[in-house]
Amino acid sequence: MEEKILEVNFGPQHPSTHGVLRLKVKLNGETVLSAEPIIGYLHRNAEKLSEFNYYASNLIFMDRLDYVGNHNMELGYVLAVEKLAGIDVPERAIWLRMLFAELNRIASHLVWAGTMGLDLGMITPFFYAFRERERILQLFEMVSGARLTYNYISIGGVYNDLPNEFDEKFKEFVNDFPARLNELKSLFEKNEIFIQRMKGIGILPPEVAKSYSITGPVLRASGVNYDIRKISPYLYYDKVDFEIPISHGMDNYARFEVRFKEMEQSLKIAKQVYEKLPPGEYQNSLYKKSGLINIKGAGESYVRTESPRGEFGVYVVGDGSKKPYRVRIRSPAFHNLSAVNEMVKGLKIADLIATLSTLDPVFGEVDR
Amino acid sequence: MIIEEGVLKDGTKYILVEKSTLIEELNNLKNQGYDYLILMSAVDYKKYREVVYHLGSYNDNRKIVLKVRTEDDILQSSTPLWGAANWFEREIYDLMGIKFEGHPNLKRIFLPEGWHGHPLRKDYDMSKKQYVNMKEDGTDLVSFNPEDGW
Amino acid sequence: MVKGILKGMFVVLKHSRRKPVTVEYPEKEIPWHTKRFRGRVILNLDTCIGCSLCSQICPNESDHMVYFDYDNGKNKRKIYPAVNIGTCTYCGLCQAICPTGSIRLSNDMTLASFEKDFDYLPDRLSRTEEELKHHD
Amino acid sequence: MIYSILQLINFILTYIGISYSQYLPPYGALFQRLIVDTIGALLIFIAASLTIVVVIYIFRKWMADLQQRIGPNRVGPYGTLQLIADALKMFGKEDIIPDNVDPILFRFAPYLVFIPLIMSYLLIPYGTIYHWAIIFTNVNVTLLLIIAFSAIPPIGEIIAGFASNNKFSLIGALRAAAQDLSYEIPMMISLIGVIMLTGSLNLNTISQYQWHYIPIAILEPIGFLVFFVAVLSKMAVVPFDLPESESELVSGFNVEYSGLRFGIFYLGVFGSIFFGSLFISTVYLGGGSDLPFLPGFGYIWLLIKAFIFTFLFLTIWVSLPRIRVDKYMNFGWKYLLPLSLINLLWTMVLLLFIHGVL
């Protein structure tokens, strides 16, 4: 009896595709023969849009790329523009940017932990993860005024300083987050059904990862020790000590472990940064009020930062005018997703969904 | 064959390469240890299109930029060297219109199949609106008059 | 064989003793509502000098300059910003760039109104939502 | 001391002073029996759907409590009328039937799931309230009937999946078939152990037996565990909710259903949870048989045991991920089946000691 291939569209509208991804899946019964991702449903071409605006007002397009880790997105763009236009940033602003980059990484990993639980059929971890994320969002709203699209970084520093009630809320969050994190982890870690669903599934060998130029937790779970914060430190990551969690498991369970350890490391960095916050100016006075408009830059510059999903880079080409000539965005989730076909051959439908959830793609960034 | 060499503003070395010897240059760079294709981007300088390869390596922070210029928008594809080049080149073809010979399936990656023009070109006409709809058999129908749009 | 599963269930059961975290918004006020919350744009007609910087920096042109005859001595051309609340992304760039600080983002979050027109002209922009409700 | 419903109604009517025997047609007893049973069936139908609504309310409040949120509290005091509102919405919503769908099968699949479930509620001996036994069927094959009725809902799910002409529901239907097949056998083999011990198929005698001796759960722990897991998978609760796995198959076989038909499926899920807990407490914990220190009120004991099991099932639903299809199948065939056979051996040893007979 020749094989009956069932071609199913895990279409743009599906409960667990983390956004608008369409997977053209060829099924033989329950086993997946091939899964070809089709993207482009959330394509707004932020690169073309940012050619019509001033340097400072492109921030809102960068926010809406990876709408879960958006502080890191703004950071990548602003660092690239500052290097292009040669703007120096006061000391305190750099430390503040680092503090919120790490808090944003924790918030993004918490969203991943919640949605991974949902994809495997567990309902409760979503609520515990979002309860913790809510406290981080409150910290952001206290400082920048918004919960998701922060626009906290200005070119040349940050827009406003920490309010005085920030200190007490931050200490409170930092003190009881480790206990809550272990509680969330214990829901997954030793659970036999969870281990059965995640161990040995979605194998990504290091050579395939390197050839698909995959970065971030997905790469570190395949045993490659590569993190931009250590290899080419930007901001003050060389003045802070932290380790890079690595696992040689190459499967979903390894990616799960790497991300949870990364949250602990990010908290450790945030604590150290908070102690090292120097007093003083938080925004370069040249570009304070009406200086925002006349930022000019010629030549080209590419800056690499470590966003929660991998290496996020912005390549800006300036022609000396007040508007960028070309902005090119390197989005890590775009490459993490391109390796789905290799990782999923021969698995079951349930494993396809589990592997997709540990790749943690966000489609604002994949489709740009 | 390297036409020009130099250092960029942010300190990274860059080389400008002949269009015909693109693949050999990429190949010996890869053998020199640049095994990580960070980014492939295309910039439209009106007279010519410039494709910029950012190469790095997974075990240290060396970085090099390789540029190649083309007027007639045809280049050799570097998919044999890196798997990532597959989606990079499809995106550059989709948004900038540069065809890569030897690419397994050079189709548009973001825009629907029948889209007219390549948006990231400087001469792309932004005023003409294109409407996308789905035909009976599920493929995309791109047209200029708004009636086909829903 | 079931030790991990029981441990997970114990953690879930432990949560039944904790107080619920949800804040029932309409009845009770949001406890952490901060002074810096970026709500609706508001204009101070007296200090605006009509320099149109805010309309240039606005990313999607929801802030555009409009003629409005209100003389406050400093604004010869009598042009004031009008903001289309529907397309505004509340990014706060106009507040950051305004040299005289006359345009800023208030804490106002409840924007539901019977007016179908989202494009707030300067006189409507200069009044807060409460005044707008009582006024018409 | 235990009277049946028929005697109860006779007692009330003679107490009021109406003697209706002269109006009865020739075969009076048979006709009388017919009336009493239909009244009983209607009573149970209403009671069952009310308990299902209560179980749904308990589930939403208990899940909310475990997840540190409040749960329904807007409609009615403490959200009690929320379920009535949901039921009305379910009736009110338009029942969309897609066009290229199998017309007859698509319409009747939900009833195939719900009707057998409600009928199996009739078979459970609910014990006594002040000596009035609420037992509707005292036939000596009630256990067999329950197994027969509990085999029909999966067929309804398979038909629903195939009839709705949708790839996801097709896979959901295949999973329903696999699930029903591989976990029915261990359940029955563990029940054989119970039948061997008590010597009868009548649930009433099974529950009375456990009052005279000790509950069978203690006598046959392996059988109890195997039965517990098999009933858990019969109810499609989360670790085993493969036919209706929302995150993979966009909610499996009931993808194309909406309005009243989806409501019936939804009630079916929670109905089977409460029925499962009733069934397991009657067979393994002797539900309904009145215990010495509260002579006439066996019914209350049954309710207590049933709600303990319901909370247990709901906690499992809230805190565990979903198992994969092939792991689920080989867990059923490689672990549950041998365990239930070992349980049979264990019952033989028990029989040797208790009755001295083989």
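For reference, chains read A, B, C and D in written order, and residue numbers begin at 1 within each chain.
We adopt the following convention: a contact is a pair of C-beta atoms (placed from the backbone, for glycine too) under 8 Å apart; a residue touches a chain by one contact, two chains touch by 3 or more.
Here the structure is a predicted model, which means the values were calculated and not measured.
*Asks:* Could you see whether A-D or C-D has the larger number of C-beta contact pairs?
*Replies:* A-D
*Asks:* Using CA atom averages as chain centres, what separation in Å is found between chain A and chain D?
*Replies:* Each chain's C-alpha centroid was found; their separation is 47 Å.
*Asks:* Cα centroid separation between chain C and chain D, in whole Å?
*Replies:* 54
*Asks:* Centroid of chain A to centroid of chain B, CA atoms only: how many Å?
*Replies:* 24
*Asks:* Can you compute the centre-to-centre distance for chain A and chain C, using the mean CA position of each chain? Integer Å is fine.
*Replies:* About 27 Å, centre to centre.
*Asks:* For chain A, which residues are shared contacts with two or more other chains?
*Replies:* Answer for chain A, listing residues that touch two or more other chains: 124, 128, 131, 187, 191, 193-194.
*Asks:* Can you pull out the residues of chain D that are in contact with at least two other chains?
*Replies:* 66-69, 318-320
*Asks:* If you look at chain C, which of its residues touch at least two other chains?
*Replies:* 5, 8, 11-12, 15, 21, in rising order.
*Asks:* Determine which chains touch and list them pairwise.
*Replies:* Pairs of chains that touch one another: A-B, A-C, A-D, C-D.
*Asks:* For the complex, which residues does chain D have touching chain A?
*Replies:* Going by the criterion above, the answer is residues 63, 66-69, 167-168, 170-171, 174, 238-239, 241, 245-250, 318-327.
*Asks:* Which residues of chain C touch chain A in their complex?
*Replies:* 1-5, 7-8, 11-12, 15, 21, 32, 34-38, 51, 53, 56-60, 89-93, 96-99, 105
*Asks:* Using the touch definition from the top, list the residues of chain B that touch chain A in their complex.
*Replies:* 8-10, 12, 35-39, 41, 43-44, 52, 54, 58-61, 63, 65, 82-84, 86-87, 95, 108-112, 119-120, 124
*Asks:* Can you tell me which positions in chain A touch chain D when the two form their complex?
*Replies:* 6, 8, 14-16, 27, 29-30, 117-124, 127-128, 131, 187, 191, 193-194, 196-197, 348-351, 353
*Asks:* Taking the complex as given, what residues does chain A use to touch chain B?
*Replies:* Per the touch definition, chain A meets chain B at residues 39-40, 43, 45, 47-48, 83-84, 208, 210-213, 224, 226, 231-232, 299-304, 311, 313, 315, 317, 325-326, 328, 330, 334-335, 338-339, 367-368.
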